[in-house]
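Mind looking over this structure? Questions follow.
As written, the chain order gives the labels A, B and C, with residue 1 at the start of each chain.
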Amino acid sequence: MFGNFDTQVLIKNHALLLNGMLISLELTAIAAVFGMVIGCVLAFMRLSRLLVVAWIATAYVNLLRSVPLILVIFWFYMLVPKVVGHPTGAFTSVMIAFVLFEAAYYCEIVRAGIAGIRRGQAQAGLALGFRPTQVMRYVILPQAIRTMVPVLLSQVIVMFQDTSLVYIVGVRDFLTAAEVVADTNNRPLELYTTVAVVFLAICLTASLLVARLRPRTAR
Amino acid sequence: MNYHWDWGVLFRSPYFVWILSGFGLTCLISVLAWGIALVVGSVVGVCRTLENRAARAMGTMYVELFRNIPLLVQLFLWFYVVPEVLPIAWGRYLTRGLPYAPFWTTVVGLGLYTAARVAEQVRSGIGAIPRGQREAALAVGFSLPQVYRYVLLPVGYRTIIPSLTSDFLGVFKNSSLALTLGVLELTATTRQIEDYTFQAFEPFTAATVLYALVTFTAMGVMRVLEGRGRIAGTLAIGGR
Amino acid sequence: MIEFSHVSKWYGTNQVLKECSLTIGKGEVVVICGPSGSGKSTLIRCINGLEPFQKGDVRVEGVSVAARGTNLGRLRTRIGMVFQAFELFPHMSVLRNIMLPQMKILGRGQTEAEAKATQLLARMGLSLHGAKYPAQLSGGQQQRVAIARALAMDPQAILFDEPTSALDPEMITEVLDVMVALAQEGMTMAVVTHEMGFASKVADRIVFMDAGVILEDTPKDTFFTAPRTERAQQFLSKILQH
């Protein structure tokens, strides 16, 4: 089956592949950090008493969660140069697309985390005399963050896999680099199997690590 | 930002037909892949809830394998690698004989990928049922398959209706990956219109609207199903 | 000290409180009882503003709870509350549960807050548990910590919302003992409970509610020996059978 596996092509092109992996990781990191920040802002907007603010955030989140990432990538690939006024390169457009797309998902995770804290806790805080902002700060958020962290990290792993989609606009991530090598050397078997194995190794290890973070259900 | 707006392009032929056919292909891929996902996913999910260690291990391996490799990579594997790895005759059929190979590759690849997620939902749905239910059913005299058929699965499925809906929407959105193999589904069609007419906003908006509409409809259907499926006294289902 | 005047509350179209009027004087211990869904918990939650109401007025030390200018935060520091589910903050140690509100709301310094917390824990017989987390304590211990947390704020009155309903039978006594001691020290208390033994020991008055209406509001002895309404009689006979 795998009798004719050509390891040479992998060794000769390892620099290209490693470079691609660096791009994938870079994209993941940027999208994770900025996506989380914007996601938190959106979450608090959704919880806001000002109806307009809540509505805007809700519309944004619902819209971005109902369309495929590929379409979002195409949108920003087309839009960013137009808005900026001059060509910006695929990487920038794709990065913006990822940040804004993932922000919607992070928003929902944060919101669910906060909503998951029992109402009695907030009531107990208020009954003691804490102001609502103090209740959020001392009672709700510390507990919510503990439950949110594993889910947020899982989303980062999902995002790492999603970065493979930048293939469609030609950004040289890990998968695209492998495709280039596969095409030039006519060795799709070796390259794509390697890509699969590498992703499997990284994502599996990462999810096992995250699983250890999950809070044991006390009570 | 100077841009020449032309909403009429959406309704001119042949673009209008292109959009319709693209949307139709998206729906077709989604439905077929979802069918595979439900069947395979249920089997794998049930395996993970059995007492038999081997069954549980195989279920876990399936889920971890299909969950930790990006869908696009999986599609590439199916399309480029599997034909090489199979016996020569089969491989040749896949690359040359099979009509609409990219379409079927997407359906199978997407279906098996989503099956891993469905398996997880089924597993947690059954896991949420108190152990006493299974024991009571066995005590009455049901065989294990009957326990699953009459007690565990009916209740389990009802609990997971919201998560299954979101997985179905995931399938619908992921069908767009077919364009990397050359299938002219909805997103691909809008890109094609952009190529032909230099109008990007209008077709992209059309696609966005269509995807959003499907999401909205699916959510509505889900609420109806949830309402119909409610079992009195179970907090897990729609309870607060 | 606490006055209800014709308070009515609706949840949507469902009226859960109907023209409730009640006075609780300083130092009084009032027990509120009644079947499930009668509105007892809702009633006491109107006192510290946890439940808004649509009609009527509630006054605490003369201050109207629902008025726009009222500083609810300050009002709540003068009224303590103990919950059925204890509601200790699980991410803080026992000591911190009692100290944090003192420090952040009353502005007490850390040493002062800690001294007060330690003193209250000693009073509850829980001195050794200060560094533990709520999940490591039994239900009865958690509830006593919750009472200590409320007492740390030096309240003028304490509200109890079915404080023993979530406890195993063997732990009910330890909590009731604390509550009896509090009553004997002169604390103003409004207690929603089914524990009639407690009521007969320390209550000054018993209030009986059914379907959102206050049916009885009588001194303890009168309630137990000669309740006026038939509903209260039924309730008593069922409860006292245990």
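Please note the rule applied: a contact is a pair of C-beta atoms (placed from the backbone, for glycine too) under 8 Å apart; a residue touches a chain by one contact, two chains touch by 3 or more.
Since the model is a prediction, treat every value here as computed from it, not as a measurement.
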Contacts common to subunit A and subunit C (chain labels) = none
What chain pair shows the greatest number of contacts?
-> A-B
How far is the middle of subunit A from the middle of subunit C, if each middle is the mean of its Cα atoms, in Å?
-> 47
Averaged-CA centre spacing for the pair subunit C and subunit B, given as whole angstrom | 52
Length of the line joining the C-alpha centres of subunit A and subunit B, rounded to whole Å | 20
Subunit C residues within the subunit A interface of the complex | 48, 50, 73-74, 76-77, 79-81, 83, 85, 87-91, 100-101, 104-106, 135, 149-150, 153
For subunit A, which residues count as touching subunit C in their complex?
-> 118, 120-121, 123-131, 134, 138-139, 142-143, 146, 218-219
Over in the complex, which subunit A residues touch subunit B? Could you list them?
-> 1-2, 62-63, 65-71, 74-75, 78, 82-83, 161-162, 164-165, 167-168, 175, 179, 182, 188-189, 192-193, 195-196, 199-200, 203-204, 207
For subunit B, which residues count as touching subunit A in their complex?
-> 1, 3, 64-65, 67-74, 76-77, 80-81, 84-85, 169, 173-177, 179-180, 187, 190-191, 194, 200, 204, 207-208, 211-212, 214-216
